[in-house]
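Going by the order they are written in, the chains are A, B, C and D; count residues from 1 in each one.
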C-alpha cells in the first residue's frame, strides 16, 4: 500500500478519482522564494486537458487549478503546495453497465482482485485523470528547472505506425504545439491525425511513441547504483498508465549495435570533457554527462474501444461480451506528452536536490 | 547521495568496488524461519561468475559467498543478512594507463564529474562486479518466492542481431542453462556463440535482449499509482549497468498495434477471471493479473573494446586516443541473465510484503 | 526539504497554513473496505477544535472535514484519502505587527533563517492548526485499530505543576472527556482549570504532561533496530509542536531505579508469556510485548503570552520588545491530547502493516 | 521488517549478531573527498569497547574496524563505506541455559513472539554489540561535521541517583574522558564509580541520564513538520537499547515552567538574531536556531543482573526462576555516551544534506 508518492526530496503525492469531487496533488520539498502563480500550472494543465482538439475525448473540462497552500503573496514558502482540480462535467451513467464487467486492457480487473472493492465510475483511481496532479506538479518542477536553464520538452515520434522524421531541437520547440498530435514533423503530423480519425471510425484505437528531451542538465546528476538517473526516469515514465516500454538514448537499438558504433567518443567542448555523440542518451553509469537526456516511451493503444470484446461478468462469474461507449481519446500519445515531460522534470528536480544542487531557498 | 539501497520492505544495500577487498550486500527484511545456506547463494553466484565459459572474461574468480549474519543454525532469524564476496585474482596494473583517460561508454567520466575523486581501478564502484551483491540477494528472494510457488527465469532472446525463436516455457526452463549464451533456442544459441567469437576477434563487442518470465505470481501484487509493479520492475532493471531499455508484455510492439489487437480478452479459468492472451505482460494498472509477468531489457554492447577510441586526458585536458586492454566479456547478455532475474525477484518479494502477502515469519 | 510525510506503509502528508484557504491531509495506504464517513473524522476534530471550552482560544472554528477521495459509497477503496478542512474565522490583522518581530519560543525566527521567506500570518505552517490534518488521519487510524480491538487513549497527568493521581484505565476512559482539561482525576482537574485561568489573568501560560495508553496491541509489533516501536512513537510525538520530551514506561524514572526494581518479571497469563509489571511500557527491544503501550510527553507552556518580551526587529536588525495579543490557549495539554493519540495510532497502524498484520483489504 | 537502516541521505545500515562471525555497518551517502582512515573509526570504537575499565563488562574485545569499501588511497569516493568488526572472545556456553527462559527486561521474549525463531546466543541481534556499527558510522559523521566546525559531545549527568553539577562546555570537553563513568563533574564521578561497584556487589545494576551537546550547528537545519530536527533526534536516541526517555532543552522541566520563564528572549549577537537563553535546546519549530542543540536520554539499569528473577520456560510453558551469569556492565550510561553522540551526529549530517548544506563532494 501507499504507492501514491513519488520522489525523495522533491516529493509529490497525488489523490483523487475520475468521478469523485476532485483530483489533486501535494508537492513537498519545493524551495522557498520561487515565483509561482496559478497561470504557471494552468498552462500545463491546458496541454493535458481533455477536449482540447477534435482528436481527444469530448469530455470538456476546464481543469482549473486551485493552489491551497505553500504559496504566499506569489512566492513559495518551502511549505507543501496543495493543488486541487475539481471534477466537473462528470457523467457516471455510462459506467453503470460496466460495474461488473472489467474492460479488457484496463485496470478494472486487477483493482477488483487486489482491493475487493472499487470505485467503478470512470476508471476511479486508475483513470488518466489522475495525471492532472502529476502535470500540476510537473509545472512547478519545470519552473524550478528554468532557474537552472534546464528545459524538458516532449513530442510524438511515432503514432499508429507512422514515424516522424528526426528533426532539430529547435523544430521540436517550435512545431510540436502547432498540431494536435504534438509531432514536430509537420508532414507526419497530418498523416497521424488522419490515422487517429480512421481508428475512431473503425471503433478502434492506435498507440505510439513519445520522446522526451531534457536540455541543459549539468553533468553529475544521478545517484548510483540503484537510484541511477536512468532508473528513476524509467520508474517515473513506466508509472504512467498505458506506458509499456521505456528506453534511454539508443535504447533497444543499442542491442544490435557493435561496441565501436555505440560508444560515444569523448572530446573537449568549451574546455570541458563531453561525449561527442549521444547514443548513451546523456547518462553514463546512471549519472548525467552534460549531453541532453533523451528517453522514449511506448504507449499502448487506448484500451477503451467500442468494438465488441470478450470479458467476464464478475457478479455471475460467467463469460460475456462488452462494447465500451462513453468518451475516449482514440490515441493517447498527444495528451501523454505533458505527463511524460512532468515525470522527467520531477525526477530531475528530485535528483538535483539529492545531489545538493538545489537548496532550501531559491532566493539568496 | 545514498542510492545504494533497493526496495522498501525487502531491502538490499550493496557495497564494494571491483578491485577493493570485497563486494557485498546487506539484505534487510527477510522473514524469519527460512531455510538458507551458502549453497543457495553459491548456485546463483556461479551463474554470474566471470570465467564460467570461453565467451566470458577470463578473470577467474571463485566468488565464494560468506554469510556473516542473519542466519542461525541454517535458518533466517529476521535480522539483516550480510553476505560478503572477497575479491581475488585482481590485477589493477592494466588500469594505471586509464587513470586519466575515461573509457567511452563507461561511467569513468561521469563519476569523475560528479564526485571529483574516484577509484579508477577496474571501474571501481561502477564495475559489473557490483552485481554480485544483487545476485546474492536475488538468490534469497528466489528462495522466498519458491515458498509461494513463484519462479523467475530469464533467457537471451536476441544477441548481435540474431533472434531466437519463441519457445515454450518448458524449453526455457530446460534449455537455457545448456549453452553458454543462455538462449533457449539451441540453434540460435550456436549462431550467437559464433557471433561473440567473431566480435572478439574484431576487437569489438555485441549487445542483445534478455527476457525474464515470472511464473506463478498471484493476482493483486503492485502498488498504484507510482509504485506500480511495472514501474518498480523498470527501475530495478534499468539500474543494471548496460541496460538501456525495458519493456513489459508487448512493450514497444504495442505502439504499432490497434486497441482491438492489443487488449487481452478476459475469460474464466479455473473459476477465476484471467486475461486469455498476455500482451499486457501480466500487469494491468500496475497490478499483477495472475498471468506470467513478462519483461525484456535491451543490453548495450560491452563498452570495453580493444579498438582505438577517442577520449580526453583529464589531467592535461586534451583529446587523446585509447585502446582498452584487460579482460572483458565481448557480450554482456549471457551473464546479465541472473542479474536481471534477481532484480525482478527482489521487486516481487518487496511488493508482496507491501501488500501483506508475506509476514514477519515464514514459519507458523 | 520534504518533511511533511509521516509513516512508511500507512503514510500521511499534511499541508496548509493557519491563515491560508484550508489545511488538509492525504492518507495513503488505508486498506480497502473500511466503513468510513465524515462523522468518524468530525468526532476527533471536535476534540481538537479551538473554542471548545473557556480554557481554549476563543477562535471559533467549525473545522468541518470534507472527504475528497478514497471513499466510495461509505467504504474506503484503498486509494488515497484526501481530507480538507477550510480555514474560517481568520483574522490576520493582529499579525501585521509581528511581521518582522519573531515571537520568542515560536518558530518565526527559525523559519525566517531557514527559508528566507515565510507566511507570517498566524504562524503559517508552524501553527498548531497544522495538527488538524494529523487528527483527521488519526481518526482513520483509530477506526482501523478498532477492527483489531486496539484502543488509544490519552489524558493530562500534570498541568502547571499540579499532578493527577494515578487512576485505573476505566477511569481514564470514563472521566477524561468530562472536564475541559482532559484529566482523569476529577479533583486535580478542578485545580488545573483554576491554574489555567490564573495563568491567563497573569498574561502568562502553563505547560504540562500528557500520557497516552494503547490497549490491546498484540505482541510482535515494531521493527528493530532503528524503527523500533518506541523510536517511531518518539519521533511521532516529538514532531508535535510544543513537545519537548517523550518517555516510554517508567521513562526518566527508570534512571534512578535498580535493575531488580525496573525489570518486569515474566509470568504466564492466559497461556501466554507476559511481563507482569509494566516498567517497560509495553515495549522490549523495540517490539510490543502484549502489555499496554504507555508513553508520556512533556508539553511546554504556550509561547504566545501577552507579557512583554525581548525580541529583534529583523528589518531594522535591532533589539525591541513585543506583547503578543490575539487569541491563544493559555495551556496546550488539553487540546494536544487528541493530537498525541493520533500520532500513536498512526505509528501503530503503520507498524502493523510493516509486520504484515494488516493486508490490502480489510474485508474478506 | 527492514528496520535496520537509519537516515534519508546519509544512511546507515547495521548488521550482525553478538555471537555471530562479525558485526558491521554500511554507510551510504558519504560525500567524496573526505580524508578517512581506520584510526578515525578506531578512536570512537575504543570509547564504546567492552573491557575498557573495571566498571564495564570484562568481555575483552579488540573491536578492530576493517574498512572494506568506499575509501581509496585514504579518501572517500562517494561510494558506500562498508565497515566490519569481527566478533572475538565469544563464549556462548553461558547462554545455553537461557535458551528457553527469556531474561526479564531484555528483548528475548519479544523477539521470540515476533519472529518465532531467534539467535539466543548473547542477545543475538538485540545485543548492545549492535551499536558498534552505529559508533563506526558516527565516527564518519563526526569527521564530516568537523569540516563545518560542528562538535558533538556527550557526558553522564546522573547515575544511580547521583547528579552531576552543571559545568561549562570546556569542562565537559576536558573532563569527561578522564574518568571511567564519563562524568564532567569529577567529584560526582567518584561517587558514581562507587555506586557502580556497590550495585555490582549487590548483584544489581543502576541507570542514569546522559546529555549530548551539539555545538556549532548553523541555524536552519531540520525539516518540518514531521522530520523536525528534534523528532529525528528523538527517534535516533530512542532506537538505542536501554533508552526509555528523550528530552530536548528544558524537556520535562518545561512542563512546570510558565511561558514567561520558558521562552528564550531573542537578541542580536554578532549581527545575527539569536535566542539569549536556551530552554528550547537550540531547536524551534523543529529547526536549529544557532544555539547549541541540547538533548538528554534516560538510560534504564542493565537488565542482566545476577539476582534471582521470575520468568517462564517457553518450551515447557511454565513459570520458573533465573539468575543471569555471564559478563555484563552494571551500568550502561558510561559506554552509551559514544553511541548517543553517534546517533545525534548521524541525524545532523543527514539533515544538513537534506537541506542542501552538504554536497556530493566535500572537496572543491
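We take it that contacts are C-beta pairs under 8 Å (C-beta built on N, C-alpha and C of every residue); 3 or more make two chains touch, one makes a residue touch a chain.
Fair warning: this is a prediction, and the values are worked out from it, not measured in the lab.
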Neighbouring chains common to chain A and chain C, by label: B, D
Greatest separation from chain C - chain, by CA centre: B
Where chain C and chain D are represented by their mean Cα positions, the distance between them in whole Å: 27
Whole-Å gap separating chain A and chain D, where each centre is the average of the chain's CA atoms: 45
Chain centre separation in whole Å, for chain D relative to chain B (CA means): 38
Chain B, residues touching no fewer than two other chains: 1-5, 8-9, 14, 111, 114, 125, 220, 353-356, 360
List of chain A residues in touch with chain C within their complex: 1-5, 7-11, 13-17, 20-24, 26, 28-33, 66, 68-70, 72, 75-82, 84, 111, 114-119, 121, 124-125, 353, 360-361, 363-364
Touching residues (chain side chain C, partner chain B) in the complex: 8-9, 220, 353-360
Chain C to chain D touching residues, read off their complex: 1-6, 14, 102, 104-107, 109-111, 113-114, 125-126, 130, 158, 160-161, 199, 204-209, 219-228, 230-239, 241, 244-268, 271, 273, 275-276, 279-281, 283-290, 298-305, 307, 309-312, 314, 317-319, 354-355
